[in-house]
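Labels run A, B, C, D and E following the written order; every chain starts at residue 1.
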Amino acid sequence: QGVVDAARAALPEATRQSGTLKVATSLQWAPFDYASESGEPVGIDISLMQLLAAKLGLKAEFEDLKFPAIIPGVQAGRFDVGVNQFDVNDERRKIVGQLPYFNSGYGLLVRKGVTGIDVNNLCGKTLALTQGSAQIAIAEKLSAACVAASKPEIETTFYPDSADTYLAVANGRGDGFLTARAVGVYISKGNPKLELAPGALSGMNSISGIIVGKSNEGLYKALLLAMKSAIADGSYAAVLDKFGVADGALTLEQIEK
Amino acid sequence: MNSIPLNADRASRMTAPNTDEPLVRCENIWKTRGHNLVLKGVDLKADKGEVVCLLGPSGAGKSTLLRCINAIELADRGLVHVDGVPIGCTLRNGTYVRLTESQLSRQRADIGMVFQNFNLFPHMSVLSNIIDAPMRIRGETRAAATERAHELLHKVGLSEKAGSYPRHLSGGQQQRIAIARALAMQPKLMLFDEPTSALDPHLTDEVLDVIKGLAATGMTMIIVTHEIQFARDVADTAAVMSDGVIIEMGPARDVLSRPTDPRTRTFLARSLPDHQQQAV
Amino acid sequence: MNSIPLNADRASRMTAPNTDEPLVRCENIWKTRGHNLVLKGVDLKADKGEVVCLLGPSGAGKSTLLRCINAIELADRGLVHVDGVPIGCTLRNGTYVRLTESQLSRQRADIGMVFQNFNLFPHMSVLSNIIDAPMRIRGETRAAATERAHELLHKVGLSEKAGSYPRHLSGGQQQRIAIARALAMQPKLMLFDEPTSALDPHLTDEVLDVIKGLAATGMTMIIVTHEIQFARDVADTAAVMSDGVIIEMGPARDVLSRPTDPRTRTFLARSLPDHQQQAV
Amino acid sequence: MSARLAMDTKGPSAAMSKAPEIVDPPRFGRWIGVVLVGGVMAWIVFQVLTNPGFQWDVVGRYLLNAGVLKGVAMTLQLTVIVMIVGLLIGIVVAVMRMSGDPLLIFCAHAFVWFFRGTPVLVQLVFWYNLAALFPAIEIGIPFGGPKFFEIPATVAISSFTAALLGLGLNEGAYMAEIIRAGLLSVDNGQTEASKALGHKPWQTFWIVVLPQAMKAIVPPTGNQVVGMLKYTSIASVVALYELMHSVELIYSRTFETVPLLIVAALWYLFLVSILSVIQYFIEKYYSKGWHRQDDRGV
Amino acid sequence: MSARLAMDTKGPSAAMSKAPEIVDPPRFGRWIGVVLVGGVMAWIVFQVLTNPGFQWDVVGRYLLNAGVLKGVAMTLQLTVIVMIVGLLIGIVVAVMRMSGDPLLIFCAHAFVWFFRGTPVLVQLVFWYNLAALFPAIEIGIPFGGPKFFEIPATVAISSFTAALLGLGLNEGAYMAEIIRAGLLSVDNGQTEASKALGHKPWQTFWIVVLPQAMKAIVPPTGNQVVGMLKYTSIASVVALYELMHSVELIYSRTFETVPLLIVAALWYLFLVSILSVIQYFIEKYYSKGWHRQDDRGV
């Protein structure tokens, strides 16, 4: 995979000179950003950033921070970009530049071998959920829709943290666990008792973006060009495929938005 | 107050019937402090209303003995009886068993003590130092306690210092407050550890008067002192302690003027009449 | 040590030429502590080698005066000169300006002080209490300091307590250590605040000997005491203080035996010869 | 003061005015210092106020935001309750530790060791998830005996209870050490004098020893309160939303991290200022009788 | 002891043995207590060891994991350095606060107020990103005057420096209060005696006052060290990998949260145990001369 000259040309002079793309992330969000057993940063975000950096003729360098330090770090110019599955929205775009790179949808994690469950038709089923998670609100919304359509409502049981929830579902409590699809894929790989039911929850997804400094338009443009090239040559899809989340790929229009 | 009453009234007290049990009876008290064997079998008794002066060289164990009498420290061996009751322990199945701290506190409330270094409560005003214990332990009303406190302060000549804090008093003033604090509890036995060490001769006389007044009310007192003259004036009985034992004990007049023990003679040398004639 | 040397040698000292400037000169010292005006224009002087006893009722301001002399407290007004140098301040452009603490510390090193309540350092052994300052401030070697410390301990009869901690000593033992600690610095002026209050008559005599020995070496001493007999034995000059002023000062023999001020007479009443005859 | 008045009206004043007065040396150094410190402070304030990075407009917008105010309220509430719990536990444990009874000393040691030694986060997660570990709180004969009574732990342990348990026990262990240090600093003679008067052990403790220990207890306790004020933020792991969490919620939505951290910092500074004033008065109260009104220097 | 020996060999022993001995009452209560405490502890240990929720096999697997060990090392290193910095700052600020000089008192107050009052998180983010706020550290005339010298702040402030500044200044403010409390607890007579001997102010402080203050300083300082040990985890916000972060990295990959938290807790307990032993010996050292060897009771 060669360097995309146009993209490299768009880079700010200093970045090009330095030869590295400094990436701020927080390695506590498998499978997007996490540390491998040997301590190397790995994950969907990480691989994508490595891909883009290569296209820019740079070497990606990751720094493992916590959320409160990522945005100020990018704003301060300490880092070129930040990735940590940050959702794109207009409010945020006023503060920082966000280059969309992933479409995250919800899926259902079920016990291995269970079939005949449809993510988009959960009425009457029992969902295992983690206390305080965003999925609770989604389940409530879906349940309300069921009731409105005079179908049986969705039952829910709560567990204190994700690990407990997985354990519960694996042990046969509840019909499934509503989770981000990418997470579901990751879990089902590591956990022999669980698998991800096919399909994604329709109408409930969010676009993640790479954080770039608001004033760093050159870098934004360079990344956009690199991204286009990656989509064009299939390397973008390849990366997502490697993690089993090819359906999270964005189209060109979505990225340019 | 300045003219010193002579020992007239004491003689009469001495002849009063020494009925039965003495008020204080220390029997064969042994006490180790740190690595030092400080008390080596002390015997001491004081009848009700008797004033006993305890004399002896520095480090003889006088303070330690007083501390054992009111169970601030517990003797290793030997018993102290006050008013017939063993202090710090109780007889149970033939062995003497230590009391708990709160049982001890009841015994101590009846035994007043003036410490050698005063130990006033620095966070309380002089008045609070004096009235606190009577109110809390004797359950007196604030008014009653305050009234007696003022009386006592007047007696020791410190009426105007009621609102001061101990830290703002001179050494002699602190010592007098310590005396007033102990007296406010109206104990049946008073232990004074060098109550006049920081006092000038004039105040020493006033303390003398106070002690005599108390003796007249029947209070028993054990007084550690280094002032032989004071001991002569105040004591019925004198006990001389040396190196952890009482080496001589008897009527104050005899012991202090015609001591039999050679150690006592050496100790008293300076204040014995023959010397005084020589020095003055 | 027990036979008391009489005042023979003192007379000779008294007649020695009182050359020029006295070693200590307090002029018109005023001092407020808290809300109390404690010193009200005190004048006091002590020649080199002179032993001055300061007497007076409790609360008269004796301790406060001593504290002003070595600048532990600074007088509000009035000057203390020691060896011709003003203490705690220096003349600059016609006004007296306070010294900084570290300048003060140099002045204080030459003035020894024994506190009324000893103030030994509880975290140091007796030996360390004594040798620390000579080593640090005088720059003596440990060996030299230790040697003198042992000498001093021997003098005050506490050789075997060198390794003890102050907390484990009796009152009188602590007081003697405090004296030894101050002497170890070999100051040119010693201030004693009731140095024998916790001592028995025998030890009082020994301290007397120590003080006389020091006086013979030319050390000047100001001694606050309540023991008239002691003052008679030790002092060249006696000063009587009352309510913040010196009311009488003169040769000890005269002041203590034939006081002119009526307040002094009252104060000394108990120890004046006529009284003694009566009491003994 | 009354003495000074007396001087001006009564006799001694004449004699006194003749005595030379001793004045403080002119402190040029101090004036230079004041100017320097003032200058540096002015510069910092100037920099901070004019620096666009701080986004003061955003700070202003969120300072009184309803969510932030709710967070402040929760922070205060949690801090107060936890400190009370911690103080009580601390007193009990410190007294146990100094009681002289080997069993009590052992228990006190074990308590301090364990609760000071394990991270609060772990304790919080543990209490909150007691359910996962012990599905129910049961009263019965252990080691497999019959059970008399049980409550499902998820019901019993609410977020608030978990936070209270985790933070309170932890704080208790810390306070125990602080109180013990204070008690150690009180002269033994005071205890003896109190005993000699006939005070019961608890009276000796409350009336004589503790009030004197307060001088050494109050400042580190102030530290603990201030620390706890900020440390309550850890409670967000068990879904309790205090000040820090309330600003996190905002900046993780809007990405205005720096100004929102400043909002939190300003609130903490404000609360700490109030606390410092309270601490000052408590210290003043307990230093009654200690102050040498006329002391100079160290 | 020697005295006791003496009794057995020399004269007094005969007279002494005639004196009745006073014995402690049989403490049935204590034995019941011992059994109870022992029982409860055994039960807790039993529960914890047998409970599958703790996943002891996972704990065992990660206890000596290289990442975890690296985290432990960093935690120790950071704690030691921060405490040293904090202690030095604390002594200076405490002495300033008690110096009697109004300017120094003001500065000390301001320091404590500010650094105790702002959350460490904010301070860390601030130091780490000094660049955003002040693009370069410059030495020059402020308010727009010429600049003599500048370093780009992003270069100057590394993760470690930021953590050191943030945690060290914060710790300094806390230690200042603790040391002040200790100094307050020392009797004024000690200072006076020291001055009277001719000690210079700093000698008075180091030789006389501080050693006596240590009794009241050591236990809360122990608290601070233990607290800091765990609080260093906040440094992970600026990319410093200490113990807590090292286990977070693992459990966010494997989702084995509880056992990994236990790994961290065990390590902290281990480190705190070592610290407690050190604290014990320091306390013993500084209580020389205070202990009444024969005291009983409170």
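Quick notes
Simple rule for what comes next: contacts are C-beta pairs under 8 Å (C-beta built on N, C-alpha and C of every residue); 3 or more make two chains touch, one makes a residue touch a chain.
Listed by chain with UniProt protein names: B, C = Polar amino acid transport system ATP-binding protein; D, E = Polar amino acid transport system permease protein.
Given the structure is predicted, the values throughout are model-derived calculations rather than measurements.
Common neighbours of chain B and chain D, by the contact definition above: C, E. The fewest steps needed to get from chain A to chain E, moving only between touching chains, is 1. The most distant chain from chain B is A, comparing centres defined as mean Cα coordinates. Counting C-beta pairs in contact, the chain pair with the highest total is D-E. Averaging C-alpha coordinates per chain and comparing to chain C, the farthest chain turns out to be A.
Here the CA centre of chain A is 42 Å from the CA centre of chain D. Chain D and chain E have Cα centroids separated by 16 Å.
Inter-chain spacing, taken between the CA centroids of chain C and chain E, is 45 Å.
One simple way to say how far apart two chains are is to compare their mean CA positions; for chain A and chain B this gives 85 Å. In chain D, the residues that reach two or more other chains under the touch definition are 53, 129, 132, 187, 201, 257-258, 261, 290, 292-293, 296-298. Residue positions of chain C touching 2 or more other chains, listed in rising order: 33-34, 36, 101, 117, 168. Residues of chain A in contact with two or more other chains: 68, 72, 75-76, 161. Taken together, the chains touch in the following pairs: A-D, A-E, B-C, B-D, B-E, C-D, C-E, D-E.
If you check the complex, the residues on chain D that touch chain E are 30, 33-34, 37, 41, 43, 46-47, 51, 53-54, 95, 98-101, 103, 106-107, 110, 112-114, 116-122, 125-126, 129, 132-134, 142-143, 174, 177-178, 180-182, 184-185, 187-188, 191, 201, 204-205, 209, 215-220, 222-223, 226-227, 230, 233, 244, 257-258, 261-262, 264-265, 268-269, 272-273, 276, 287, 290, 292, 295-298.
Contacts from chain B toward chain D in the complex involve residues 67, 70, 72, 101-102, 104-106, 108-113, 115, 117, 119-125, 132-133, 136-137, 165-168, 181-182, 185. Taken in their complex, chain D has these residues touching chain C: 1-4, 6-7, 12, 15-16, 18-25, 293-294, 296-298. Only residues 67, 121, 124-125, 128-129, 131-133, 154, 236-239, 241, 245, 248-250, 252-258 of chain E touch chain A when the two sit together in their complex. Listing the residues of chain D that touch chain B in their complex gives 187, 189-190, 192-201, 203, 207-208, 211-212, 286, 288-290, 292-293.
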